[in-house]
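Here come two complexes built around subunit A, the first alongside subunit B, the second alongside subunit C.
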Partner chain A sequence: MGNQTYLLETNGLTKTYKGAKVVNGLSLQLEEGEIYGFLGPNGAGKTTTIRMLLGLIKPAKGRVTVFGKDLSKERITILKQIGSLVESPSYYPHLTGKDNLETLRKILQVPKSRIAEVLEMVRLTKMADRKVKEYSLGMKQRLGLAASLLGSPKLLILDEPTNGLDPAGMIYIRELIKQLPVKYGMTVLLSSHLLSEIDQVATKVGIIAKGEMIFQDQIDVLREKASRKLHVQMNDWETGQKVLSRHGIETARHDNWLTMPNQPDGKIAEIVKELVYSGLDIYRVSEEIASLEDIFLNLTKGEETL
Partner chain B sequence: MMFSNVLKSEWLKLKHSKVVFIVLASPVLATIIGLFSTMHVPEHQWLGTITTMILAHSAIFLPLLTGVFAALICRHEHSGGSWKQVLTLPVSRLQIYFAKFIVILFLLTLTQTAFLIATWVAGTLKGFSDPFPFVNVLMSVGVGWLACLPLIALQLWLATMLTSFAGPSVVNVMLTFPAVIIANSPLFGPLYPWAHPLLGMTQALSYSLGGDAGFLDSAVTFYVVMISSLALFTVVGSVHFQRREWV
Partner chain C sequence: MMRALIQSDLMKVKKMVWVMMIAFPAGLVGLQAVNYSLRLDHLLGLHDDYWYFLLENVHIFWPTILVLTLTLIISLFASVEHETHTWTKLFSLPVNNGKIYLSKLAIILTVLIVSSVLFVIFSMILGLSLGFGSDLPLMAASQMSLYTFIAVLPFVFIQFWLSMGFTNQGIALTTGIANAVFIMYAVDMPTWLPWRWPLLLEGITTIAPDIFYGLGTGVVLTVISLIHLTRKDVTA
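Right, the complex of A and B next:
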């Protein structure tokens, strides 16, 4: 261990509220340049984890290491290079969008021109001089995103960033997030309770349920879990099953359907031929693709029954 | 990160907050009260009017104001959910806390300065011909400023701890009204922070004129209580702010 350096890493992160473990032994690894999708149902412990990553709350157990530094010891040095948007957007309603960012800029000490840049990035330039109390929820959310980008951070932590956005805004923000690693060398961790959100932007996925990490890997690995199945419907399943097992294919039965793992095209043609030669009537041949959503539901459902 | 940057950031948050009306409220009311004051001190043309104004300003408004300023300075962090944004900036929590403290002190300075001007305005409008006792009022205003520090420390602690604008204000109002009565007790007055602005301003005025308003048995007790309560509330408030969980 220790030879692989992660941009962000947690070890056995645990948070307890009133005796209940809200986050339990969470180990999360994030490499530079990744877009890490932190996925889980509402109440699974995503926001609690994110608050611990930012030092807003202290873990009961475990450690957070960011940029190779211990968060509990070098919080301020680490925070210099982190931009964040936690839960609902933060704002001063009586100030304009520009002044809201200015309160942060004075502390972050970035050039004034950066305010116009980030407002442009989230398409709020036209609203810059309007008071934030006049903003819609989606605009406030975009202002929060602009605030997180203000300090040109190395790591961006976004908690449900597309909350409150209309569909067009969602698509735009998703595209913006996708470009951040490529254009600005940022690494992004974003949380969501919707798999479709994560699926469209993330390169790596961590799934949390009941405070525990139940899956963490590249998104492609998750997609592979989306196993395909082949269903064949016929008049006499018993004969069918015998014929297929002679060819080394194990099947499961449901009514007069036989279900087997998906096969290459040539093999399917062979199976059908064999079944027909055995005198069976084939009614239907169909393929089933489990969606990522099904996998997510299965993963998190499994957790609940434990 | 420079502390002055945190201060500038806090100052900017007061823009459009109409805080100037709050700063001027008590001096303006005191002026009106001063204009109608019939209190007359034989050898001193200004003294009756100034005393009336000091009583009105320091017994009720000043203690209330410390609470209003503290609540105001934390109001938008609570309502707009900005604590989590402010506290993930690369500055220590103590810097944030003391930047807020200093902004409140600055607002208090403005109020006290406005009050000083208000006494001159009231007397001048009444056509007083004796020279304005500037040094005496300045002494009173200065000690009044000092006497507000423990209250400010306490109110800032409450305002950062309770997540609402109303909470700390209600507590403050309830504890301010008995101050007038408690201030009359030479024993309990110095022990009660809400009575301190009244005690401080009246005593300082009379001492500077070579008299004694008679509110205090011992000025030492007053200053010891003031300094130790300031230290206590500041330490407890800032340590709590630094350690608390921002859920």
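Right, the complex of A and C next:
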């Protein structure tokens, strides 16, 4: 363990199913007030990891420390301050939305007024007295979110919370999640298989592939990884390539486009000048920025997602 | 915490549970009502003690009905949680895993006890309406009902284990219904087989070893099933 105390920390977390390592030596650190985006393709081990964080399944190896306490020893104390929504939202279809929350409220022992509060937070007040079997998938998902907020948790663990929501619902939930650390001092761990989802809310990202953490840092660091490329279109690429290699710039060709790593502004000006002096006609100079989605695909390359 | 859990579980109970709790004993006593009304003179001629003979008659199918009731009720309790995978939510709550099951078990046992009490009441009503007199055999009826309840305890825990442990209720229902049917043919079985115990073959008011076998096996099975259920991974 490092000097820094994390709100949630795992060390070498491993889970084996029938000899196959579903999660392998996963180390994850979550600081207070963060929104942690836990990203990975389907079947990468996200849900298994989350189940281990909640003590629902026991890791084969490794340990989970939450609020500075060992999960395997003080599970109930820890769970008092965790709200969670794992996979599909769980609910009792034959009960109303309000009664669904009431079954949990009795166990969590929070004041009754909290039900109206969380229903308001996810905009379900109007539907509160309807049976959940009449709810749309998006409403069920929002009810699940309301249930996770019921105990005013310090740490909120959400497994794919925007699944099944329409665009308006997605934006609303995203905004709601963004406000949680600011307004209520919550820390959020959010899993998704869509980078675009996480990109818009998370402050820190962890990317998991084949059960291993392959990237974990601030989201800005991930953005910097976005490799930029410079494309130059000209009439005679062969001469162009020679000129540029004399300046130590390796290029790749596609039609009459030459592609090279991005260069500082001064260098670009120099390249263009050289090419023009060599008698070449420059048609276009353009820059390509790889999207975060590309980086994600690159990082998880070779991963089979069907 | 146990109280909160039981209150929470009571909210989720499906109406069908209450219906079965009342309908099964009522139906069984109703069957004897038909039997008696069709051949009253013949039946009264078989035994001097009309009341005791009535209790013996209503008890014939009671073990089968009780095992059927408990099978279906336990399955309903479990499917409420299996249906939309609420186990995950339940076990993420700050409660001891064992208490989650104990709360359900407490309600199930209470429902079965209420059903057994109703069975006694319905039998008394039948006897009264047949004109057996107001000298009610409450003691004998209660003994019959209580001994049967204790003797079916092993089945309660087998069903509890199967229903709670497997999402697919087919396994639990098949086992439960097979057990219920098997009991009807258990008269000639060796005494150590649990299907024989609820038949109270030593007499419906006699404290026979069978009852203690039922109690002992029930307790052992509870402990084993609770240990297994609380330790297994929650994956659904």
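Note that the second predicted complex is superposed on the first by the 274 of 306 C-alpha atoms of A that agree within 3 Å, B and C clash if a C-alpha of one lies under 4 Å from a C-alpha of the other, contacts with A are read in each partner's own complex, and residues count from 1 in each chain.
We take it that contacts are C-beta pairs under 8 Å (C-beta built on N, C-alpha and C of every residue); 3 or more make two chains touch, one makes a residue touch a chain.
Note that this is a predicted model, so its numbers are computed, not measured.
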item: Superposition on subunit A - do subunit B and subunit C clash or fit; value: clash
item: Which superposed partner A:Glu102 touches (first subunit B, second subunit C, both, neither); value: both
item: Subunit B versus subunit C as contact partner of A:Gly206, first or second or both or neither; value: neither
item: Touching partner for A:Ala147 - first (subunit B), second (subunit C), both, neither; value: both
item: Partner chain in contact with A:Pro93 - subunit B first, subunit C second, else both or neither; value: both
item: Partner chain in contact with A:Ile82 - subunit B first, subunit C second, else both or neither; value: both
item: Contacts of A:Pro161 with subunit B and subunit C, given as first, second, both or neither; value: neither
item: Touching partner for A:Arg51 - first (subunit B), second (subunit C), both, neither; value: both
item: Common ground on subunit A, meaning residues reached by subunit C in one complex and by subunit B in the other; value: 51, 54-58, 76-77, 79-80, 82, 84, 86-95, 99, 102-104, 106-109, 147
item: Residue numbers on subunit C that touch subunit A, as the complex places them; value: 1, 4-5, 7-8, 11-12, 14, 80, 83-89, 91-96, 233-235
item: Parts of subunit A lying in touch with subunit C, wherever the complex brings them together; value: 51, 54-58, 76-77, 79-80, 82, 84, 86-95, 99, 102-104, 106-109, 147
item: Residues of subunit B touching subunit A in the complex; value: 1, 5-6, 8-9, 12-13, 15-17, 76, 79-92, 245-247
item: Residue numbers on subunit A that touch subunit B, as the complex places them; value: 51, 54-58, 76-77, 79-80, 82, 84, 86-95, 99, 102-104, 106-109, 131, 144, 147
